[in-house]
Each structure stands twice: as C-alpha cells, then as structure tokens.
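Okay, so here's the structure we're looking at.
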Amino acid sequence: MKNKILNDPVFGFINVLEARLIGIIDHPFFQRLKRIKQLGLTYFVYPGALHTRFHHTLGATHLMGLAINVLRSKGVEITDEEELAAKQAILLHDIGHGPFSHALEHSIVNVSHEDISLAIMQALNGIMNLETAIKLFKGQYPKRFLHDLISSNLDVDRLDYLKRDSFFTGVSEGVIGTERIIKMLNVHDNYLVVESKGLHSVENFLIARELMYWQVYLHKTVTIAEQMLIKVLKRAKYLAMKGEKIFATPALEFFIYNDVSIEDFDKKVKINGTDMTVLQAFTLLDDYDIMSAIKVWAFSDDKILSELATRLLDRRLFKIAFNDTAYDFYSLKQIESLIAKELGLEENEVEYYFINGKIVLPKATSEDSEIKILTGGKVVPLSKATEILNINMFSKSAEKHYIIFPAEVRDKVLRLL
Amino acid sequence: MKNKILNDPVFGFINVLEARLIGIIDHPFFQRLKRIKQLGLTYFVYPGALHTRFHHTLGATHLMGLAINVLRSKGVEITDEEELAAKQAILLHDIGHGPFSHALEHSIVNVSHEDISLAIMQALNGIMNLETAIKLFKGQYPKRFLHDLISSNLDVDRLDYLKRDSFFTGVSEGVIGTERIIKMLNVHDNYLVVESKGLHSVENFLIARELMYWQVYLHKTVTIAEQMLIKVLKRAKYLAMKGEKIFATPALEFFIYNDVSIEDFDKKVKINGTDMTVLQAFTLLDDYDIMSAIKVWAFSDDKILSELATRLLDRRLFKIAFNDTAYDFYSLKQIESLIAKELGLEENEVEYYFINGKIVLPKATSEDSEIKILTGGKVVPLSKATEILNINMFSKSAEKHYIIFPAEVRDKVLRLL
Amino acid sequence: MKNKILNDPVFGFINVLEARLIGIIDHPFFQRLKRIKQLGLTYFVYPGALHTRFHHTLGATHLMGLAINVLRSKGVEITDEEELAAKQAILLHDIGHGPFSHALEHSIVNVSHEDISLAIMQALNGIMNLETAIKLFKGQYPKRFLHDLISSNLDVDRLDYLKRDSFFTGVSEGVIGTERIIKMLNVHDNYLVVESKGLHSVENFLIARELMYWQVYLHKTVTIAEQMLIKVLKRAKYLAMKGEKIFATPALEFFIYNDVSIEDFDKKVKINGTDMTVLQAFTLLDDYDIMSAIKVWAFSDDKILSELATRLLDRRLFKIAFNDTAYDFYSLKQIESLIAKELGLEENEVEYYFINGKIVLPKATSEDSEIKILTGGKVVPLSKATEILNINMFSKSAEKHYIIFPAEVRDKVLRLL
Amino acid sequence: MKNKILNDPVFGFINVLEARLIGIIDHPFFQRLKRIKQLGLTYFVYPGALHTRFHHTLGATHLMGLAINVLRSKGVEITDEEELAAKQAILLHDIGHGPFSHALEHSIVNVSHEDISLAIMQALNGIMNLETAIKLFKGQYPKRFLHDLISSNLDVDRLDYLKRDSFFTGVSEGVIGTERIIKMLNVHDNYLVVESKGLHSVENFLIARELMYWQVYLHKTVTIAEQMLIKVLKRAKYLAMKGEKIFATPALEFFIYNDVSIEDFDKKVKINGTDMTVLQAFTLLDDYDIMSAIKVWAFSDDKILSELATRLLDRRLFKIAFNDTAYDFYSLKQIESLIAKELGLEENEVEYYFINGKIVLPKATSEDSEIKILTGGKVVPLSKATEILNINMFSKSAEKHYIIFPAEVRDKVLRLL
C-alpha cells in the first residue's frame, strides 16, 4: 500500500494513508501549491515565513483527522466516506489560490480564489469522485458540523495556519493550544461546539488571531510591500494593454494581455503552443512567474515600472501613515498634487506613488456563525461566555486607514495632514 | 573569579558573575528555596510543575540583567551599584516564602511572607550591604523605574513566572513574548513604560496571566488540595494546642505548638538543642517538613487528622461546587447539618469536611500602577491603549465562590443548592 | 467511563482510558512515586530536574501505546489483553524504587529495587489480575518483542527518560527522535527490530544516551552529592545501630534501626502503631522522609553526622579527582592518613571524608541483546550496521575512577597523586 | 541611529546595529540572497525547508557576535574593527552562491561559488572598506582564530546552518547545543579551541552533522531531484548551443547561450538592454529565473527537455540504487543499452535518463584543521580526545555510489546488477 509520510516541523510526522487523498496530492494542480507561499511578501519582515499553501493544507488535513477521531470517541457518528470527503474538502479548500493571491486579484486576474477553488474541484471531480467533498465545501451536506470543521470561525484551516504562521515567523504570541482545542470539540444539535473546559483555549485562540493580524498579516511593512506589488502588476498590465511588449512567462503573459472573468475559465486558449482551458492556464501560475517577471521589469524602459520593480526587489519601500478615520478628500488631493510636483509626475501617474486604503481586521466571529461553547448541556455563543474579551471584537471589525508614499516626500506629506 | 552558570531549560544558560550575588545564593536562607516548590500542590494536576522558588528567582534575576541592558542601550542611566541592588532585590523578593506559603499562612504561621522577606533582608543586611536593595524593594529609591522592574504589573517577577510556569505545566496558552516585551521597555518621567510597538505583546501577557490563573493557579483541583492541606495543618495545630503529641520535625513542631507573630521573629528559642531566633527557626522550614509530617499523621489516632492526611496523600480529594455570588447563609447551614449527620460528625468537626470560600483573580492592573504605554511621546495607561481587552479586566477583580465537601455527600449537597 | 488526561509538557496530553490501568495509578503504592524524584540529587546541578518517577512512568506508558499502534499497523498481532498487560508492566516497572534509590540501596536498605518491584507486583496481583504483566516483566511471555518494548536496549523506558530528562535539565544534546524511532519499529522472528530507515535515529539515540550519562547522570557534582548522601545515611545507621537516638519518620526509623533483606519483606512489623508487612513499610518511604531527617541531623550532637548533613543542605560539597585507572593502594593509604591528620579524625571516621570509587557507563548494548536493524529483510546487530559509532561503545563499558575529599585538603591531596 | 531587528524563529531576535553591516545587507547583491533557498530542492522531502541564504547568513553573523563576546570575556583581545571585519566576512561568505548552487555549477555556470564570492567582495570593496574582511576570509590575517570562526570545522557558519536546517526540516536529530559550544570557545596559541567541558557538545555537533548529511543533505530523493535538475539545465544549454530558442529571463538566457569562466566575470555584456559586467549579470540570477524557465520548458518541443521538466515539477521522480563500491563498467554499459532500447532513445540521449555518480560525506574534520580541544592547558585534536566517535569519521570520507533511472525500467535494471 502506498503511503505518504511528511516531515513537518510543526506537528512532527503527517501520515497520509488513503489512496484517494494521495491521488489529489500528486496531481499537478496540487503540486503547484508547493510554489505558492502562504504569506506572500510577509518574508520581507519575517524572513522565515516562506512556508507554502501546500504545507499548510497538509497540516489542516492532519488536524481534520485528529478532530474526527476526537468526535468519534465522543460517540459522534462519522462514516469512513464522510471522513474521506472532509479530508478531500480541506485538502482542496485553498486550491484556487494564485501566487500572491490578494495582490493578483487586485491587479491582473480579477477573479476570487473561492470561485477558482470551486472550479478546480469541479474539474477534478471528472477524474475522481469529489461529490461529497464539494457538498461539504459548499455547506450543502446534512452533517453541518463537518462543514464547520472545514470553514467556520474555528475550523482546522485556522487551527493550522495560526500555529504554522506563528512557528515560521517566530512570533510567540501566536502560539495556540491546537491540541487542547481539538480535544474539547464536540457536536451539539448538528453544530460543532467547544466544551466549556476549552473556553480559555478558545479565548486564547481569538487573541492569538488578533495579535497575528496586527503583528504579521497586517504588518505595516507587509502592507506597503503588497500595495507596491499591486502597483507593479497594474503598471505592467496597463503597458500591455497599451500594446507594449512586457516580459513574462507565457502563462502570465496571457493574463497580462487579457482580461478574464470566472465565466471565461472554461474557454480554450493556446499557451506554450498547447491547447488548454483558461482554468488550466491559471494553474500554471505560481510565485516564480510573478517574481521572475518583476526582476526583468526592473530593467524596463518604462520608468515607473522599472522604478517600482527595483524598489520592491531591493527592499527600498515606500512609507506609510495611519489614521483612525478616513482621510478627507481635500487633504488627499493636496498630497496628490504635492507628490506629482515633487516627483515630476503626470496626473495619471500619481496613483503609482500614492496609495490610499485601509486595513481591516474582521470581527472575531460573525454573528451568524459564532463559536459555540457547550456549558452544562446548553450552547452559548462565545461572546456571551467570555469574561476576558472585549465585546467590540465580536460586534465590529477593526480598521485603520492609511496612505502610502515615497520616503523622499515624507516630511512634506506629513506636514499636510 | 568565581562565576555561577546555571542550566535553565527556559532561558538556556543563566550566568551569575557578581560575587555579591553569589554570596546571597550560597547562603542557607537562599539555598532552602531549592526545597520550596513555586506552585505548591499544583503538581496534583500538572505533574511537571515541581520547579522551585530558587529556580524562579534566578530566572527573574536573569531577566533583570536583560532589562537593564535594554534600558541602558536607550540612554537610561543606571549605575553598576544600582544594577547590583536591583538584582539583589529581585533575588531576595521571595525569600520570606515558607513551604506551601498560602496554606501555611492560613494555618500554622499567621505571618505574611512579605513581612518575613523584609525581616530576612534586614537580617542579611548585617552581613552584607543591602541598603539600596532594601530601599528599592520598599519603593523608597528615587529611580522609581527600578522599583517598577522589581514589583509592578509588568515586573521581571511576572515575566519569569508566567513563562516558567507555562513551561513546566505544559499549558501553551501561558506562553508570552518575554524577550519582545523586554526589548520594548523604556523609561519616561522616571516610570517604566512599554513602547507602543510592544502593545500587543503586553496584551498577550495579560491574557496569558488570566488564562494561567484559571487553568493553573486557581484550578479547581489545586484549590481543593490546598484547602484540604490547610485543614490538615489546622487540625494538627488544634490537637497540639490541646496538648496531644503530634509528630513533626523540631522546627515545624515549634510552630505547631506556638502561635507567633512578626513581632516574635527576633525572640530567642531553642530548636534541635540549638539557640536561634524565631526567624532562623522559620528558615528551617521547607516542603519536606510539611509533607513528611503529613505522611506520619496519616496514621494518627485522631480520625479526622488521619483521614484528611490519607486522602491528600492518595489523591482522593473532596469535590467542589462554584457559584457566581456568595452562598446564602441558610443553605450553608443546611449543608453543614447534612454533612454532620451523614458523616457522624460533632459540630466543631464539620469545618474539616465542609469549606466555604472564594477564589479571586485580581484585576489586570490596579488603578494606581497601570502598565504604561509610550505612544508618540506620551504615556497612556494600558486600559486606554488596548482595543482587545475587556475593560472589566481593569476595573474589577473576578471572583468565584465555592463550597468543598466529601465526594460521598455530593448528590445530597447539590440537591440543597 | 472514567478517563485520566494528564498534562505533560513533553508529549502534550497523555490519555489513560483503561479502568484497569487507572486502578494501578490510583493505588497508594503508585501515588507515592509522585514523591520520588526521577534523578535524585541531579537538581543540585540542573535545577529543573525535579520530575518524578510517576511522571516518567506515565510517559513510558504513553509511548507503549504509540508503539503498539505502529506494530499493529504493520500487521503484528497484539491482542487487547496483551496491550493492557504491556501497559501494566511498564506502569509498574519502577514501582520498587525507593527515594534516592541508588544511595538508599548502598546505605540503609540493601535490597535491589528490581526485587522490590517484583514483590510489589505480586502483592498487587492479589487485588487485580497482573499475571500476564508479570510474565512480560520477567521475559517469560511467548511474544518476546513485547518484553523488548518493556526492557531492552531500546525500550519505551529509555525512549521516555532520555527525552524527559533532556527536557527538564535543558541539555539539548539529549534530544532524541522518539517519534521517528517508534514509527520505525517492527517485529522480526519474534524480536523487536528497527527498520533500516531508522538507523540514524537509533545512532543518535545511543549518542544522546552517552552524552546524557556524562553530562547529567554521571556529572561530577551529582556524583559527589550522591556519595555524600550515602555517607550521611550510613553514619545515621551506624549511630542507630550503636543505640543512639536518631530523628526520623517512623517508617524511616524502622529501616535505620533494622537490617532487612528481601526475604524479610513479607514479615509483619508495627509502624506508626499499625501492623503491616515490611514491604508496606517500605512503600511509606519517599524523598520527604530522607530530606526531612537530614535537615534535623544537621543539628545532631554527632559532629560527623551534623557536618555532612549541613554541607549537603547548604551545597558546600566535597571535591573530586578522576583517574583513568584504579588509584594504587599505597596512594590511597597515604591520602587517608593525610586527611585523618589534617581533620583530626579517628581511623574509623576517615571513610566519611574520603571516598574512593568509580563511575561506569555501561556499554551501548550488551552482546546478547543488541539493538537489531532490519535491512533488506535480514536482521543485523547495530554494532555491524553503524558506520558512525565507535566499536568500543559496544564492546566495553567506559569507567572512571575517582576520589572524593573535603575542599580544605585539596591541594595536599593532589600533591600526593 | 539606524538599527535592524530581525525576527528569527531560531534565535529570537537578531540585532544588527553597525551602519557598515547594514550597508551590506541593503545592497542588491545581498538582497538577492532572499531569493535563493539555502537547501535547494530539499523541500521536495522536507516541505518546511524553504529558508534562504539570507536568513542563514544573518544567523551566522549573530553567532559571530556571541562568540566574540565570549572570547573577550575570557581576555582575548579583539578590536572593534576586527569585530566589524569578522562580521562583514561572515555576512559575505556565501554571497557568491547562485540559485541551486550545486546544480548550476555542474550545468550552466561552471564557476565555483567561492571564486564568485571573492569576486563580489572585491567589487564591493570599491564602495565600502572590506580590506580586513577579505584578509580574514582568505586566512591572511594574523589573528588566525578569527578566520577559524569564519571558516573551519567549527565555524559559526556550521553552527548556524545545522541548527537552522534542523529547525526548518523538523529533523530533531540535528539539534545541537550551539549556545553551549559557543560558551566553551577559547583561544590558544592563536587557534580557536574548545574547552574540555564542551567535548561532548562538540561530539554531538559532529554526529548531528553526520545525521543531517544522511537524512537531509544527501537524502536519496533530494539527490535524485538535484540530478534531474542538472539534466534539465544541461539539456537546455545543449539545445541553446545548437541554436534553438529556449525561454529564459534575459540574465539566465545569457548564461545558457554563453560559456563563461571566472576570468570573464569582469567583461562587459548587455543584459535587458543595460551594460553590465558578467559578474553583475550573475547577481541577477536567483531561484525564480531557474524555476520559471523550467515551468515553460515543460511545454518545449524537445521531448527530452519537456519530459524531464514535467517530471521534476510534478514530482514524478526517477528511482535510485546504491552500491558501496563503484559500479563496474560492463554493467553500466549494459544498463545504458537496456534503457536506450526500452525508452527508444538515441545513444547521445541516454545520459538524460541514466545517471551514475556518488555521494560523498566528507570526513568529520580534515587532518590539517581538526577541531582542537583544550584540556589541562594542552590542545588535543578531537580525534584523540573522543571516546565516542568512530575513528573512521576522521580518517576517511564516507561515500556511496548510485545509479539513477526512470521508474518504468526499474525491475529490468535491477536484474542486471
């Protein structure tokens, strides 16, 4: 019997025994996740954060196995087929991510990774049976708690990525009691719940999530780098659309020179002299296409493209300023004019050197799907059960507004605020 | 030059270089801390939690060294003598702890460990110069921030014990970013402050403290065991006061057969045929005196003493029930009667089998000494700076009321509530 | 269903589900292991090394469960009863240890802990069925490989204690790939074997064992402390046998005032006014009896007893010198005379201040029970399979001779060598 | 004052304070190391092993700082300028590495990375003063021990990479006592030595090195993947030299279409329309150039190139067989014929599907530069001081011969051996 054992510094060994899971892992659609970093440009700040979506997905699948064992030991019935489907679903939950996913979706390929994930699952469903997995993924399977394990405020996705991201960044504040939380899982009224002995571990989990957001996912330098990446990609697409020659691998070239929507994903195109669907073309993209192109663009004749690319590669990043509320229109206009003048830019060029946006930390758990605590036979939403957490975490998203601009105009910009 | 290197699984190596610190460590008063567990009976629940006050104190001293280096690197002036004094003070801050400190103070030796710590420091001051250390300890030294490092809501005491207790219990929720917090320390207006980049680490620290309280320090089984220990010790003292022969080491015997107050600590007594002060007698006590006595008491002719001692040793513990508010007088009386009747106890014996009390988790930081966050050149109290923490953590202590009783009457007791 | 979950900083959570195992754990004979440190006086050098035989034993039982799962997954047949018996046997393998076992056996109770373990198992066999466990323990059960898991050069005992001792001492060199080794276990010809992919992990395991011996188990300061403890106990027994009054708990008193052999263990005695067998009396002993007595002995009228006890408590230890070969008789006599003269000792008193002995690191694996490597379907002894390890590790024990003496005579002693 | 703080999951925080070091780190030549994985294709087996030469180099520089502090505390004189130079040298010691260094040197760019490192240092010496650093690097500086820290059998390079590679792969056998070894460093007769108390830590270090070689660096799957990468690159170069159009970034294109030697590195070329030296062109290469090209080559019209590239990307790797001695010429010829026939290959095509080579684990420490143990004031080479290690580790390199071939011919190939 074939059998995959993975060395994982986070969980030790990860065993994958089922042939039908190994079939997914061995598929080129999945192997490409090895070439897509989980945290994009975060390594600009945390040099160890180079782990991939491949690694994360396998970790989450491992946790799914543990969780199912715990639930079964408490008398929850889960068939072998359901176990397989739950593992298939979690294995595939990130399959639609492209390289630097967030940046890509805001520049070159304006299609959500959730849509693409589903499209890929359906494509794979032709060569292997994924019916139940797809139902689970969509939340259409009767055993609701299995969907909760795949996608909810306390799913194995988060249980893996918080722990894994904490490990590879070295941010000890993100450490969570994954093992303890999983031991405290149970099912009540068809929902996934946490026994009350696990309340503090869940509180710690939410705090760790919050801290990881501020210290890692929304770190100001990461935000700047990502925004600059978006601008680089947008400029490349702009030039391409104008008909200029832009270096890229053939797959990336297709997406730079064409606007596609999810509806186009089953259309035929020819890439590398080979006929394929747009979906297949998309699955050729990974971090290597993006970064190898940017490295060449650093030498572009287009001054804006070459400058942005060079700054990104050499880590000479723009600066950022934050505000609790939105910047007012008038100030933004003034700064725009200032930057145009100082850097000698045309009006339509300023957008590459001046970015106004906001970062949002979504509320801890959305109203309709709060983490449920099982206490004395009854289920209480976490926001009612907690005595530690600020109620604001549950009632509203935290957000910060920012402006990003070149270092050389910082003093003058700040004086305008 | 003499030089002590300690192997510490928490911080790696701990170096102690200063002869005047080594002199303290080598003193019998300090060596006895090797025989006093930091967490008393917590090992009933967390079998790894056997670390001692000796180990914790050295860890805190190590952190004091790191903190002073950080502050100096930021331009804060600290003389070598002040560094020495700060380290002496932290080395001695727990010196007055007896074995199972909390239990002991509520049964046999009704003197606070803080008073005893000061008495011991003054006694040692005769053989080595501790003037500045004592001033620092009392908060009477002009550089307030040095006192803050020794005793405040973010002192090196807590920074060590949370991390250490988390390590030895295996409770991952207690993990804190000690190193990061220390790197973010600074001094403002003579107070110890944390730079705003460290805000999230401090929030995590407070959460970790809260979780450690509930999961470890105030764990219900630990609470029961400690209350039972108090009852064992009280019963022994009661019998001794009645004139019965109670086995004990000579030092423990003295405190069982005599009531002493802090004023008596410089009086002369003869223990083991040797003249000494009550203070010196106290420093002969450690975990070994208490547990060796209890092991003999398990065979006492007094049924209550022998039964309580046996239950404690064999871990056949009482049960506990909790209530958010105080139990009402009438219910308590009813339960008392019930237990007396069920177990065939005299009226004055019920107190050994029925305990009513409360556990208190002190508020995160008391009003007058809140952790201070330095942001944009200004100091803001943490409760204002945080967006994550529940304001209740700062405004009130959390408390739970409990009753403790033998397992065999549980059903009947619960029916009365 | 009752169920024990233990928090273990080494392996996370340890589950004990079987009622028949919980019955053992709850027995007073087993609970006392909570009061017996795994590494005796090692905490003199490694202050974190306070973990107990209780903790270690549960860890080894946890590993037994993992190992049995691995073997079953490879088609090795193990019945539920055999699994239970194997776990019972490992749970009880150290049950005969007294406090500071090695020291005790060389001073007060001259009976091997193996003999006592067996006697206790047989005593427990009266109240619960331990037939198979005892057969496994003695190596009399047909499935030889189960015995190998309990007691061999690669048993779960060592797999736990190396990892655990490394964790609590903080000696990173002792870290071993426990999980990987267990995954590589298999059975061949009824013997426990390691698949060849695990060869390097086993080599690392042997090296870690060697390094832990030199850096921890045979550490010179630990050796000195243990030898001094033996002398303290011997002196107390000597005085007792002379009829002098020696403070001790009643159980310890019995063993100080009586010489017993394993044959005496079923005889009746009265301790604490209670009739019991010598075996039961022995199970009353733990670290607390020994240390509480030594603390009183520090005030003894006998100068030798009080001095040795005080030195041990305050960590003012003797010094040690090593030699590759045995010290010659003439030199030893000279040193004896020197020490007697310098310290003003009688001839029969010198033995308390001058100790000559050797430390022995047993060879890696004894000839008849070498670790077996399964390579290409054949079994090869490790000493043939390894290319890294020195053959001497397999062919001979390493030993060092030492003399121990008071610091004040060091210079003069060394001049005589 | 500028100041760089790096989050490192291995050592916590890494501080870089000196402006002259920050100048190196910020240089594009150094920033590119962020895009070169330390362990090439090892992530095929250990998915966490994605850390970069950038990260490793900064870790080694951190250890250099610790080592210098230890030596100074023992009275070894090291000036501030020497400290800076030693850190510059270690920071730059890997600067000449290209992407997948070993594979690249055996296919496209036949120049050793050591030569390139030196060339880059000399180039940088023009814009910053690196005179002393270069002398140290070449071993031409009078204080020999500083060179030993940079490049010897116990240099900070190895102390970092063993620990770091162990961390990211999750291979616990590679854990070493870095901190302890550094604490035991000293200088004797101008050489770097280890005090005898550190002997066991050094033995553990050598064993860890050995185990990391077999389990990671020379892992069979990694070996296969690397050999396949070499073949892919060779085929691309072969086709390019024949004049065919091969996709590549402009920098990679230059090296595919041109043979260069170290002498050519200062010649001028035009890349991306920009004049630069060959050296500068080389510094444009990183992992992204290689992998993005291979992804396109998977669609090449050349069957060999496309097949090899596809297999590598989808991880459908060749198989390997090992032999202790070299395979005989006759067998190799037979296998060659077999493979040609089975796969329908021309004679000059077989080399892409059949590889014969050897892996070599260099002896522990070469004769002229053995690790030196300081014991009793004298220096002894490690091979004399050790009692654990096999003398073969010091006297000869271990090697294994292998043949690599497609899975589909395995059975027939093995029958020929």
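Just so it is clear, A, B, C and D label the chains in written order, and each chain counts residues from 1 on its own.
Definition applied: a contact is a pair of C-beta atoms (placed from the backbone, for glycine too) under 8 Å apart; a residue touches a chain by one contact, two chains touch by 3 or more.
The shown structure was predicted, so the numbers you read here are calculated from the model rather than taken from an experiment.
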Starting at chain B, find the fewest moves between touching chains needed to arrive at chain C.
-> 1
With contacts defined as at the top, give the pair, A-D or C-D, that has more of them.
-> A-D
Averaged over CA atoms, how far is the centre of chain C from the centre of chain D? Could you give it in whole Å?
-> 45
Taking each chain's centre as the mean of its CA atoms, chain A sits from chain C at a distance in Å of 52
Taking each chain's centre as the mean position of its Cα atoms, how many Å separate chain A from chain D?
-> 32
Which chain A residues sit where two or more other chains touch them?
-> 12, 171, 180
In their shared complex, chain B is touched by residues of chain D numbered 5, 12-13, 179-180, 183
Flag every residue of chain C that touches chain D in the complex, lowest number first.
-> 171-173, 175-177, 180, 200-201, 203-204, 207-208, 210-211, 214-215, 386-393, 398
The chain A residues in contact with chain D across the complex are 6-10, 12, 26, 28, 31, 34-35, 43, 45-48, 50-52, 54-55, 58, 167-171, 247, 249-251, 271-274, 284, 286-289, 291-293, 295-296, 298-299, 301, 313-316
